[in-house]
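Submitted below is the structure of interest, expressed as structure tokens.
A, B, C, D and E are the chain letters, set down in written order, and residue numbers restart from 1 in every chain.
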């Protein structure tokens, strides 16, 4: 049980990020899309914290950065949900495909 | 003996030891729950001028709860066919596991603590939040109007009261300058934080009761309105685990209150010769008794009052408390 | 290095507790399966609805106010991300930090007032 | 006074705009007269400029120079400022073209009486157009030149698109896009030159490029670079001129635009192309220009023959004239390709005379169209009987355009070919075929209209007094140049000599 | 960090931000306690006053030398001043648009509109003068979040909701991508302060990680292209522009875009200027081709797709994508003219685009449609709208005697000035400009050549003022660009942009 190498964290973050991106781009359900975005942001947090501890020149600011990221992510999720609720009240749907009142 | 174990290179041996110790704690907790339930019924009984359980196990009904447990054990358990089966089965587990996990970081005495986490308090808050999901899940999975409503209410109530709960302890953190529960206790060597942040304590106590879904905040399982709230459909041992969760949380919350505000194992001045374990036990039982007392005394709130209270009274108070505490720290310490 | 071990051990304990917390229900329920009777009948498996026949789905659209409370919770709970570290580090930071936190909390309260006025906090 | 003379001249049309602003847009009569007056005013100033212009004087005259824009660029050598000045001035060549512009504008304004609607906005645009043209010829600075060049573009777009015939918008768009391409290339070239040399002034540029190659290399100006620039410039102006593969827009415009505008267009705007080739091409990159001479000449001959052939096959008078313009522009190229005195002279003469002739012919065709509502050759015949004056002038114009001795057309073609025969006789020999063809198609068209069996026309009134003015003035000018070319050549010689010096011809 | 360090900072340099923050807070409170039915006009005036005040504050700061407070997280240099002026000016004009934007379902939260606008502005200003990844990012998000809400301000309008949601999703993705890139930048340098990052970039250790750096650059750049609506993250623009209320669209297309370029310049240039590439030459030079391709792609996509649009707002969305492409050209060709070129073009773009949107707002409000046909015969109906619109369109198309031309001219100077000159990029830009002629002149043709039914268009006085201001400025800047350029050269020394005044040793991790 010795220390975990940096690359492992980075890989994890990268995978999370890609999953999130994939979900955000392909999923139909708006809520899932928002969640996928949160996933991407959390991947960023993992990166930041991992770097802050293990990078070639570590620095504490990374963790602070991640704190800000967390809060902003929350705010973004809140706004997104609020808008989604407004949309749902008008359209009775959370399906992204049905959001096509404007021509492509 | 524990020390060098903790400082040694972790291995499977450790896992075994920890497992044994954990199991031991689990047993104690179960024991506590059994007698907490009995105690509650007794106390309520006396408060309502009646002698509570008095048949099973002597005239004090010492085995009453044990009997109940066995009854539950041999009950047939049904899962409605409309229910979402996997979630239905998962829900009690998700509700219970965190309830037990939070105990890992509670210092019961100078050297009676399992995981001395640097961020103990944060850990407690974070983990305890998970149970909400379990309850919501249970309510939703039953696919029953009452349970759904109960689940939603429970979730709404728990998240609403989590805010003041979380913010009210900031006073304590200010004084202790640490999130580590041990440090917090040591910080109360001279004076318990209850005296330094009375507002914080007040807010914390009320929110904790609400978090535990106990009267007067037991709307989620208000028999008269919702039959039994989120666990209408649960029967037998699955139901038992929801109950168990609540009482384990009672245990945990009482211990946390003791640690944060009542100075944990710290003795009252001039009585240092009494072991810390005992002090902890005394303070702990006081808190538990208080909670039972409240249940015996206060009527249930209305839903709107409940929410309003959390957001309009407790939250501002908690925020105010931050600065009061800071001022106190600046002026007196 | 010792502290590193301590660190790891502590979280090892947490893991063990998690394991126990899951183990107990599993054991208990499996044990229960041996003891408890099993006499299925259609009625037993209908949803409980105070005796009357259950009518249509209960997975209905939640009242929107639950969402609003959820949003409120998200915002205010996340603010503690700043409050806790501040409280811990208050010793070093001193008065300046107090003033900063004052501004921060004032804005937070402003948000609360906003929600209050907009009747978000109103149940029913 | 002289200090500001040119600027006054350039912006004098704006006075007309200003006045028109306050005229109610439904007051047709006064608007039209104001329109003519508004063009007479610049003409007057142009004459003043002419009087102030010293005949045969060397180099630029009446120059003005004000600081305008300056960019501060940090470079390895430190801070270098890239200034852009407002610089105007006239030499013989531009003087001639300015006069041409002023005159043709007046006549076009008179010809605009046939406009049926929205006279006000029409004349406002007309004035802006004139301002642009005057500016183009007076500018001594790439930036200024380009701005005025574009300023001619926009009013033309509106004039064609709003007051033209059936397919006006199509014509307007093709005009816009083709010229857009041209000006796009111009802009890139200009900016590149600017960034390389740090100046935009014509003379300084010419001087810079005349420096020995060694010094130029420090400025990253290689022979290849020069050649590339020259070719780009030639292409850009070839669109305007237009040269064979890029001419379709011009035909469309000539057919669709209102006659007055076509007078302006074929009379002056096309000449901007020639002007550009002379000033930028021959003026700035003489060596490269010489090495390209044969290709230019080749294109000239192709233009000449191609235009002539197509003109021969057209059934619509306008198209005939349009293609004749194409072939006449070929002669300009031929003259330039010759690159010797007579060739240059011929080219410029061709520019002027074609300006006058095509203006005249298009004006007359416009008049005919007004009477018959058609411009098909088949619709006309025996016009001479009913409208002798019109027919006479038309015949004269036709003869001028096929280069009858004693008229301006003859001089230019003669000199151009004289020049070319000296340099590349074979090409010239081929080219002469074009002249014969020209005679054929011009006579075919003109005779078919004037003589022959009489056709029915809606109205058969002869040229009205207001129509006679432009017709006679133009004809007079054509004859004047034809009989007394020395006047023009004296004015041009110093400028052309300077250029020829560069070309070493 | 105790009281005296706190007092040691020159807080006066933050005056503009404080003003905006104060006004925004004040507005939110007032709006909260105002009666629902009472008019919100005073709020608009207050907001306007706030913006003007901030502008005045900046003009007072013009001659203060470069200062930095809060450990270089906030710095006041020529760059920030120059671009803050643009941001404030743009917001001021948009504010007028917003004040006279009539729509029943916006009335109930008209007040919110104003302070959201100001908060967005605040975020943009923070970006303009912050030299730390964290503050940059927070500013960016403040701007974004406010814009998201503004886009969805018409709560009962499906299109508005939808555009807002699409904006949130694409914005969230963009944010995540940017942050992911930033996290790598931080990881490789261990700093969030831009100048310290730039220092650590020289660290020979990094030569081994050239590839990671390249990755970080590309991904961050891609993320940042969202705000300026350039390829690859431009797809949101058409829908959002179409659905959002017109003033918001104007805001997004001008102020938000400007802010996008601000962060692009700040972050990319300072951070990567000293960064080693994969084979140890400068990273910026190494990535230049890719960025060029992006710029070219942006220009092509924007202009070509705009051809097909019948909806005027969509058309302008694509046109603004194209404009972003143009402005990327000087950024790519990193000539020394970089800053003034971008600044000038953005200034010109501010005037012409807001002017155009003013007219669009008036027409769409009257005709209840977004189709280009609302311009039919505008010249006949109300020439005083048609003529300015013509100027704006000509300026957008880059025809002389308009500001747009001078801007484009400058951009060409930037692209062709260096050795070796970027001929093909210039050619692409020129070609796409020609393409743009078609759709810009199409609108002009509709205004002048078609004769449309429909009444004379009534213009509210406020909008008329904005219109006049924009039109005049467009022409003035076209005829006498030196007014702007001299102002720039006279007051701003762009070297300050690179000047790291915060001594490095004082910046340690102890705070």
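Note that in this section contacts are C-beta pairs under 8 Å (C-beta built on N, C-alpha and C of every residue); 3 or more make two chains touch, one makes a residue touch a chain.
Predicted model, so just to flag it, every value in this text is computed and none were measured.
Peer 1: Just knock out chain B conceptually, keep positions unchanged, and give the connected chain sets.
Peer 2: Contact components excluding chain B, positions unchanged: one piece.
Peer 1: Treat touching chains as neighbours and tell me the shortest step distance from chain D to chain E.
Peer 2: The fewest steps needed to get from chain D to chain E is 1.
Peer 1: Quick check for the class: compute each chain's Cα centroid; which one is farthest from the centroid of chain E?
Peer 2: Taking each chain's C-alpha mean as its centre, the farthest from chain E is B.
Peer 1: Starting from the Cα centroid of chain C, hunt down the chain whose centroid lies farthest away.
Peer 2: D
Peer 1: Between A-C and B-C, which chain pair shares more contacting C-beta pairs?
Peer 2: When the contacts at A-C and B-C are counted, B-C has more.
Peer 1: Which chain's mean C-alpha position is nearest the mean C-alpha position of the whole protein set?
Peer 2: The most central chain here turns out to be E.
Peer 1: Centroid of chain A to centroid of chain C, CA atoms only: how many Å?
Peer 2: The computed centroid separation for chain A versus chain C comes out at 20 Å.
Peer 1: Report the inter-chain centroid distance for chain B and chain C in whole angstrom, where each centroid is the mean of the CA atoms.
Peer 2: 13
Peer 1: Using the average of all C-alpha atoms in each chain as its centre, how far is it in Å between chain A and chain E?
Peer 2: Centre separation, chain A to chain E: 25 Å.
Peer 1: Based only on mean CA positions, could you tell me how far chain C sits from chain D in angstrom?
Peer 2: Once rounded, the distance between the two centres reads 82 Å.
Peer 1: Give the residues of chain C touching no fewer than two other chains, as numbers and ranges.
Peer 2: 8, 70, 95
Peer 1: Among all residues of chain D, which ones touch two or more of the remaining chains?
Peer 2: none
Peer 1: Please give the residue numbers of chain E that touch chain D in the complex, ascending.
Peer 2: The touching residues are 335-337, 340, 379, 394, 399-401, 405-406, 409-410, 412-413, 416-417, 419, 421, 423, 426-427, 430-431, 433-434, 437-438, 441, 445, 448-449, 480-482, 485, 489.
Peer 1: Residue numbers of chain D touching chain E in their complex, please.
Peer 2: Residue positions touching the partner: 68-75, 82, 121, 143, 146-147, 150-151, 153-154, 157-158, 161-162, 169, 172-173, 176-177, 180-181, 184-185, 187-188, 191-192, 194-195, 220.
Peer 1: Give the list of chain A residues in touch with chain E in this complex.
Peer 2: 13, 17, 20-21, 24-25, 30, 33-34, 37, 40-41, 43-44, 47-48, 50-52, 55-62, 64-65, 68-69, 72, 75-76, 79-80, 83-84, 86-87, 90-91, 99, 101-103
Peer 1: Could you pull out which chain E residues touch chain A in their complex?
Peer 2: Those in contact with chain A are residues 133-134, 137-138, 141, 144-145, 148-149, 152, 155-159, 161-166, 168-169, 171-173, 175-177, 179-180, 182-184, 186-192, 200, 203, 205, 209, 238-239, 242-243, 311, 314, 509.
Peer 1: Which residues, counting only chain B, touch chain C once they are in their complex?
Peer 2: Per the touch definition, chain B meets chain C at residues 5-10, 14-15, 18-19, 22-23, 26, 73-83, 92-93, 96-101, 103-105, 114-117, 122-123, 140, 142-146, 148, 152, 155-156, 159-160, 162-163, 166-167, 170, 173-174, 177-179, 227, 232-233, 236-238, 240-241, 303-304, 306-308, 311-312, 315-316, 319, 322-323, 326, 329-330.
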